[in-house]
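Following this line, the structures themselves.
Shared between the two complexes below is chain A, which has chain B as its partner in the first and chain C in the second.
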Partner chain A sequence: MKFSGVLKLLLLFWLGGVILAAFFYAPADRALGEAGRVIIFHIPVAWVTVLAFLVSCVYGVQFLRRRDLGDDLRAAAAAELGLLFAMLATVTGSIFARITWGSFWNWDPRETSIFILLLIYAAYFALRSAVEDEERRGRLSAVYAIVAFVTVPFLVFVVPRVYFSLHPDIITPTGKLEMGARTLQVFLASLGGFTGLFAWMYQLAVRIGERRQQA
Partner chain B sequence: MTKYSAWAREAWAVFQKDLLSELRTKYALNAIVMFAIVTLSAVSFAVGQFAVGNDVRAAFLWIVLFFSAMSGLGRVFVKEEDASTVQVLRLAARSSAVYTGKLLFNMVLLFALAAVVVPLFVVLMALDVLDLVFFVGTLGLGIAGLAGAATIIAAIIAKASAKGELFAVLSFPILLPLLITAIGGTRKALDGVAAAGEFQVLLSYLVVMVTVSLMLFDFVWND
Partner chain C sequence: MLCLGSMDALLVDQVMAVYVVVAVAMAILGGIYAYVWRLSAMTGLSQRRLGLGFAGMVVLWLVLAAAAAARVFATVEPVLVLAALAILSIWALIFYFLWELDRTSRT
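Now for the complex of A and B:
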């Protein structure tokens, strides 16, 4: 799954274009002002961290079924990237919170869930470092990832519905997306760009891991 | 004799064994009760004369329960590893029965703790419980969910090194949704507001955790 030179260049220009467009093409948000541009970066990054978690869990399940250490490697690689993107999501969200609502952290339900995702990733790696045997490490981390995955819907979907959230709700009760046309274009492009970035970094991490395993 | 009753007998036997050995040594019970008393005293002393709202008191109650659980529930599988009885247990009972027996044990342990701590808390903090049904219900479901999540994590750490610290590290992210909901539900019960939403969340958390644990326990237990 090697990224060819052309694909890498495309990714570079795509993301570069997204960054430029976020500041010059998309208009400032009506309610949030210039700070509203963070939506173009913050949400895709948060989406990637959830995607990485999903990938990690899928490969965890595969490992439990096939006991192929390559699956465990892929699960760990996805989790590493997930941790990185989770930190990015937390930081961008925190900066936005400071600008818009005055404080860096408020334990708003969405903030809480990204923090928990961060903790899950950290716990995952703490567990991995505590087990010597490779097969056992793969098994235990896969089980933990699945158990953790199962608790995430509670936070993401249940708690914000039950409790009032500071988070601007762009998905209105009717389910339609409330974003200007230009912002939507850049946002979707950013979503694709960051997913591409994740794909590129992921296959790099997997290839490095495979080389290490062969050595 | 159907296979279901055989499974139930095995699970019950595991539970009884753990209960019996616990009553003899009182290892976990001592740890958990002492920890709870100490934390409770610290909380009560810190609050002192100040008037604290129900939200803060609900949070304190669950802090005491949660950290006591972290100190006492982690050993349920580790003690088998230490006593080298894992192989025998594997032969004597099927894995789902082992899990269920241990789960029951952890629940009983935590409920026993709550039976001591909660009345003390109510007295020390001069709690005025406006909705008793929801208060008890939230506590019950929350504690059951706590034990449910803690048991599978206890099984995982028994196979790792650095067991003590790892238990709290692994459990905390998993248990945060439960804690948040339980604290909210307890607060509502103290205020006399119906906590139906929290009830649903707590119940579904318990069901989901136990189901997932049952499905995955085999992978942890059998090397």
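Now for the complex of A and C:
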């Protein structure tokens, strides 16, 4: 078996271990009870969203430098995965909101900012579908991906902390993670696992996209 | 939705909270599953098998819900075990399809 196969099997057991640990190793949260385990899955999804949009921005820059359509494909694949994970972060956050705040949607700063982010990246795909010429589409999309990513740190990290939010924040004002030791271990393992899963899905999306381009 | 009448209030809260965690994990895995489905359409991977897998996922979820509805639990621990098993099996299913997609996309 090749090294990449071993890594994929490792991912199977790693995320399997995270699922088990989320229920049997991490204790129930003091404030949120059993529902507190949600953060082990919800936050890594939000993290992958940011990572995917960053990759899209990096390949956007690469496209503008080299004018290689392969870079445009990689930027679009990353933005697509970013949009998927942003939707999942929104849906899972909404489910969590229902049990903690009593309603699925409250237009809280955190919810509003992720909603705006979804619109921004949905527009990226509207733009792509509106331009037929590949080179022009690549150029416009690359510029858009770069500009769109500039908004990500503000919408994900700044806005929800500037305005009052009901959303629990795991980062304290002093910059420390507010979590029990066991929960933190499982949470970090989950972050690593989801990052690995994103890497694999991204690799597949790019490979299949390249095959379609060649066909 | 679920009939949890015979349980005490604390246990009902705990079980419902576990259900929220399962719903969140299922939503994430379901989204990933939908993405794999979309990619599979481009490679010729059998969508029938994917469909069967999805049906299996729904059945598992129903079994979990039915078990709670049948008021078989006196503590939250069996619910945690069922929840972990349900999520684990879906993750294994998704891994299998990703693996298959990886293999077919190379040929």
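One rule holds in what follows: the second predicted complex is superposed on the first by the 205 of 215 C-alpha atoms of A that agree within 3 Å, B and C clash if a C-alpha of one lies under 4 Å from a C-alpha of the other, contacts with A are read in each partner's own complex, and residues count from 1 in each chain.
Rule of thumb we're sticking to: a contact is a pair of C-beta atoms (placed from the backbone, for glycine too) under 8 Å apart; a residue touches a chain by one contact, two chains touch by 3 or more.
Note that the structure is a prediction, hence the values are computed from the model and not measured.
> Since both structures carry chain A, what do chain B and chain C do when superposed there: clash or fit?
With chain A as the common anchor, chain B and chain C both fit in the superposed model.
> Name the chain, either chain B or chain C, that contacts more residues of chain A.
C
> By the touch definition at the top of the document, which applies to A:Leu155: first (chain B), second (chain C), both, or neither?
A:Leu155 contacts chain B only, not chain C.
> By the touch definition at the top of the document, which applies to A:Lys8: first (chain B), second (chain C), both, or neither?
second
> Based on the superposed arrangement, let me know which partner A:Gln185 touches: chain B (first), chain C (second), both, or neither?
Neither: A:Gln185 stays clear of chain B and chain C.
> Check the residue A:Ala142 against both partner chains and state whether it touches chain B (first), chain C (second), both, or neither.
First partner only, chain B.
> After the superposition, just quote the angle formed at chain A by chain B and chain C, using C-alpha centres and rounding to the nearest 10°.
Computed angle, apex chain A: 130 degrees.
> Scan A:Thr195 for contacts with chain B and chain C and give back first, second, both or neither.
Neither: A:Thr195 stays clear of chain B and chain C.
> Which value in Å is the smallest Cα separation between chain B and chain C when the structures are fitted on chain A?
Once the two complexes are overlaid, chain B and chain C approach no closer than 23 Å between C-alpha atoms.
> Touching chain B in one complex and chain C in the other: list those residues of chain A.
On chain A, the chain B and chain C contacts do not overlap at all.
> Which stretch or stretches of chain A touch chain B in the complex?
Residues of chain A touching chain B: 64, 112, 116, 119-120, 122-123, 126-127, 130-132, 136, 139-140, 142-144, 146-148, 150-151, 154-155, 158-159, 162-163.
> Flag every residue of chain B that touches chain A in the complex, lowest number first.
Per the touch definition, chain B meets chain A at residues 149, 152-153, 156-157, 159-162, 166, 169-170, 172-174, 176-178, 180-181, 184, 197-198, 201, 204-205, 208-209, 212-213, 216, 219-220, 223.
> Which part of chain A faces chain C closely enough to touch in the complex?
Answer in residue numbers: 8, 11-12, 15-16, 19-20, 22-24, 32-35, 37-38, 41-42, 45, 81, 84-85, 87-88, 91-92, 95-96, 98-99, 197, 200-201, 204-205, 207-208, 211-212.
> Can you list the residues on chain C that touch chain A in the complex?
Checking each residue of chain C against chain A gives 13-14, 16-18, 20-21, 23-25, 27-28, 31-32, 35, 39, 42-43, 76, 80-81, 83-84, 87-88, 91-92, 95, 98-99, 101-102, 105-106.
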